[in-house]
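Report on one structure; see the data block that follows.
Chains here go by letter, A, B, C and D, matching the order in which they are written, and residues are numbered from 1 within each.
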Amino acid sequence: MNNLLIWPVALPLLTALLALLWPRRSNWIGVAGTGLPLLAVLLVSWQVAASGPLELALGGWAPGLGIALRADGLSVLMLLMSALVTMAVAVYASVYFAHAERRGEFWVLWLLLITALHALFLSGDLFNLYVTLELLGLTAVVLACLGGSRESLQAALRYLVLGLLGSLTFLIGVALIYAGYGTLDMAALGDAIVAGPTAWVALSLMTGGLLIKSALFPLHFWLPPAHANAPAPVSAVLSALVVKAALYLILRLWLELFDGVVTQAAAVIVGVLGAIAVVWGSWAALQAERLKLMAAYSTVAQLGYLFMFMPLLAALPEGAGRELALGALVLLALTHGFAKSAFFLAAGIIMQRAGHDRIAELGGTARSLPVTAFTIALAGVALIGLPPSGSFLAKWQMLSTLFVTGQWVWLPVIAVGTLLAGAYIFRLLGHAFAPGEGVGPSLSVGREEIPAVLLALIATLLLGFWASAVWELVPISAYAGGGA
Amino acid sequence: MIDLLALILVFSGIAFFFFGAIGLLRLPDLHSRLHALTKADNLGLGLVIVGVALLHGSPLAALKLLLIWLLVLLGSAASAHLISQYALRRRRQ
Amino acid sequence: MTQVLLYALTGAVLFMLGVRAALLRDTVLPRLLALNVSGAGVFLIFVSLAYRGDSLPTDPVPHALVLTGLVVAVSATALALALNRRLREMDNE
Amino acid sequence: MMSQSLTMLPDLVLAAMLIGLAWAALSSDDLRRGVVLFIAFGLLLAIVWARLHAPDLALAEAAIGAGLSGALLLVALRDEAGGKETAGRVSQVSRWMVDLFALIMACLIGWVLWLTMYAEPAERLAQLANSMLEHSGVSNPVTAVLLNYRAYDTLLELVVVLTAVLGVLVVGRERRGYRQAGPVFCGLVHWLVPLLIVTAGYLLWVGAHAPGGAFQAGATLAAAGIVLRLAGNDAAGLLDGMLLRWSLVAGIGLFLLVGLGVTINGGLFLQYPEAWSGSLILVIESAATASIAAALVLAYRGGRPDGWLSVADYDNNREVSR
């Protein structure tokens, strides 16, 4: 039981090696290798919920000299999201890639991506985080260019180069931290870091690097082409999980390591960028002519909401109020993760049946692919933020935090963003439910449609009803600097 | 006394390197450049290595240094040969 | 201590030189060169932190981190070059 | 004062040369020139590492940073020759903005470094790492950090290498090989390749107590492969088919199995029993050397070899053999 925390990392890695050695069995190995870590993650979450944060000092060395893995409420929620989303997407991908020539390599890289995500969410060491960030970036790049088209290669290459710039910037921040505080262990740093030039410069460098990776306006330009041109299962995890990983790190740094260093001014800058991202991304999604491009722009917008929480969180003193707001942020991130992956999977199904994803020519989708159309509608509910979805509750909490902190200025942004989201979703639904022959006739429910609709149901119903669990888990913190 | 000798050897070796580099920059064509560079560098390195071996004093280290010199000799001879061969082939084309 | 500071500052300058070139260039190979120079700057900062004068043993942790970073940098460079090459092939087809 | 500035002189020269070379490499419009200058920069950096008492890094930089990166960039130049280079215009204003930004950031980073250097005699982790050395199973502190204290980092780093190589394999087919070399080069290769292999074995072995280790050894072995390929051996000494897959997997697989294996009698992940740690580290390093060398050579070959079959190929083979 001591080593519980290594299993979410070790299992996908081990199965990735098996998939590399037995390419012909890779479909089975891939799905099993996604399912086993899910079990491990469920065990970890159960432990954390029952008995508080977990720590594993790798190699038996005291954290500081060695590396510690840590699981607390925030990381468990991210792990659960990534394990559930990857499970559903893996089932979908086993159909999507059933006859693809390179499916052997796909499954290896897929399992390595899961390894990277889980390693990142569990890591308690700054340099180890750099390694996991690089691993995540490289696996995402290779998966994104599996389609092999010119556009996807070009987007993947740009993503790679920018990602390298981002992680180097993060690394120089880590170097300054090591220079100033002499350790890389995040728990020790949470106690040691005090406001001062070292902390400010290091934090801004690390945040800058992570903002590139999480595609905050104006550093978002690489995201739409990369996400829109990847194969559908890959787009789903890129949009739902990979960008969230960088966001998770920003949260960790701002709220727990550098708690007390972050100034309101810095938070407002990030919030303003987030607000611009919301409006610009939603507007671009409304203009988009292709379904997947629309989904990618919508990701830019939804990430903007998450960054708009920053000034709110910075304005609140540590305590119950801030935990409510943080819970809302996490809930919004989770809802978006499930909804967007469902959306991309549905888009992939439509693209496979119709051979294109031009929104204007999607007439007849609802008749020939009723389940998929239903998935899009459900995911749309969550993306707009209508009840009973998790994002509705999250936005509601966000509004009440606005009133508490008196930051009224953000109100119109939320209103405009929600209206625009409603507009682009209903525009899409209007085309999909219109009569027409855009998608070929097929009434059967494919195996690949089920995971998509399940993901959408999680986003709209489950997270809405079980939101209180999120708010209960978030305050369980492994780092002394913040949280509980 | 040995130290002084060693220093003289090292510095004269550096001087060879220096003139080799000047030759590389100033000489007109590829072959004479190669000639200047490889000759001067091999000799310069040899002098530096003898000097360093004297400074260090242990026979094992001297053996290692000698090995380094032989490897560099082999490498530079082969690469000079390859470069000039390539140049000749291009001229013929 | 001044040597350490000298090298650390050199590292900072190298990092920003690389970032600057990476932002200003718009083709892949020069950008990769720039990012590699940037990485070297970061590594130089790490290694200068590890150096504690000639008498004390150095801090091995930054050395190991830099070794890890070096290998990561080479891997990423190799991947970027392969992608770039495939794009070139597509251009020429 | 005089003696201080005299001992500083080599450092000043080195630092100035580093910056000068970097500037020259990055501002050159001729790509080939830039790459060659970058290789020179890497070699100079190796001297700096030696100067800062980091011999492990000096070896690694010369072999990996300058050597293999340089080789990769040089063959990439060969691809570049066919394509069209589009030199984009950057407006004067944004150039000024970027320059200003770079200047400010460099000053800020330098300021923080200056502050931390003079704040207090920094202890950091040096004392701890060196005092635990006797429990680590090796006497080279860098190897102790890499394969014991922070072995998890190294494991993930090997995964990074594997990912990058899979990416190279997925993207396209390998480059054309080179023509058979002439007698002089062949003679050199006959000497050089065995020597490189012996050197790699030596570096691997000596890494436990002196500068060296799996990465330097792997890079040296990869250099042997590259030399072979340049001499006309297209496979660059690599195995084919399933064996290639096994050699890519070996390092990570053994690392992971050892890490999990030691948990059986109650230890934590990667907590080697103290009596065994020296041998376990050597076993892991040997497998890692093979995997690193295979990966780096594949990266140099630049794509998937014909022997790298896809799942579809395997299916077809089975049908044919029936």
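One rule holds for everything that comes next: a residue touches a chain if its C-beta (ideal position, glycine included) is under 8 Å from a C-beta of that chain, and two chains touch if they have at least 3 such contacts.
Molecules present, by chain and UniProt name: B = Monovalent cation/H(+) antiporter subunit G.
Everything numeric in this text was worked out from a predicted model, so none of it was measured.
**Q** Both chain C and chain D are touched by which chains?
**A** A
**Q** With contacts defined as at the top, give the pair, A-D or A-C, that has more of them.
**A** Counting C-beta pairs in contact for A-D and A-C gives the edge to A-D.
**Q** Give, as an integer number of Å, the spacing between the C-alpha centres of chain B and chain A.
**A** Chain centroid spacing, chain A to chain B, equals 57 Å.
**Q** Using mean C-alpha positions as chain centres, tell me how far chain B is from chain C in Å, no decimals.
**A** 30
**Q** Centre to centre, by mean C-alpha position, how many angstrom separate chain A and chain C?
**A** 28
**Q** Could you pull out the residues of chain B that touch at least 2 other chains?
**A** Chain B, residues with two or more chain partners: not present.
**Q** Send over the residues of chain A in touch with two or more other chains.
**A** Counting only residues that touch two or more other chains, chain A contributes 127, 131, 134, 138, 141-142, 145, 153, 172, 176, 178-179.
**Q** Quick check on chain C: which residues sit in contact with 2+ other chains?
**A** Within chain C, the residues that touch at least two other chains are 8, 15, 18-19, 32, 45, 49, 65, 68, 72, 75-76, 79, 83-84, 86.
**Q** All pairs of touching chains, please: list them by chain label.
**A** Pairs flagged as touching, ordered by label: A-C, A-D, B-D, C-D.
**Q** Can you check the complex and tell me which residues of chain A touch chain C?
**A** Against chain C, chain A makes touches at 127, 130-131, 134, 138, 141-142, 145, 150, 153-154, 156-157, 160-161, 164-165, 168-169, 171-172, 175-176, 178-179.
**Q** Touching chain D in the complex: which residues of chain A?
**A** Answer in residue numbers: 2-3, 6, 10, 13-14, 17, 20-21, 23-24, 26, 56-61, 64-67, 99, 101-105, 108-109, 112, 115-116, 119, 127-128, 131-132, 134-135, 138-139, 141-142, 145-146, 153, 172, 176, 178-180, 182-183, 197-198, 201-202, 205.
**Q** With touch defined as at the start, can you tell me which chain D residues reach chain A in the complex?
**A** Going through chain D, the ones touching chain A are 105, 108-109, 111-113, 115-117, 119, 122-125, 128-129, 132, 148-153, 156-157, 159-160, 162-164, 166-167, 169-171, 242, 245-246, 248-249, 252-253, 256, 259-260, 263, 266-272, 309-312, 314-315.
**Q** What does chain C use to touch chain D in their complex?
**A** So the residues of chain C in touch with chain D come to 1-10, 12-21, 23-24, 26-27, 29-30, 32-34, 36-37, 40, 43-45, 47-52, 54, 56-61, 63-68, 70-79, 81-86, 88-89, 91-92.
**Q** Which residues of chain D touch chain B in the complex?
**A** 182, 184-185, 188, 191-192, 195
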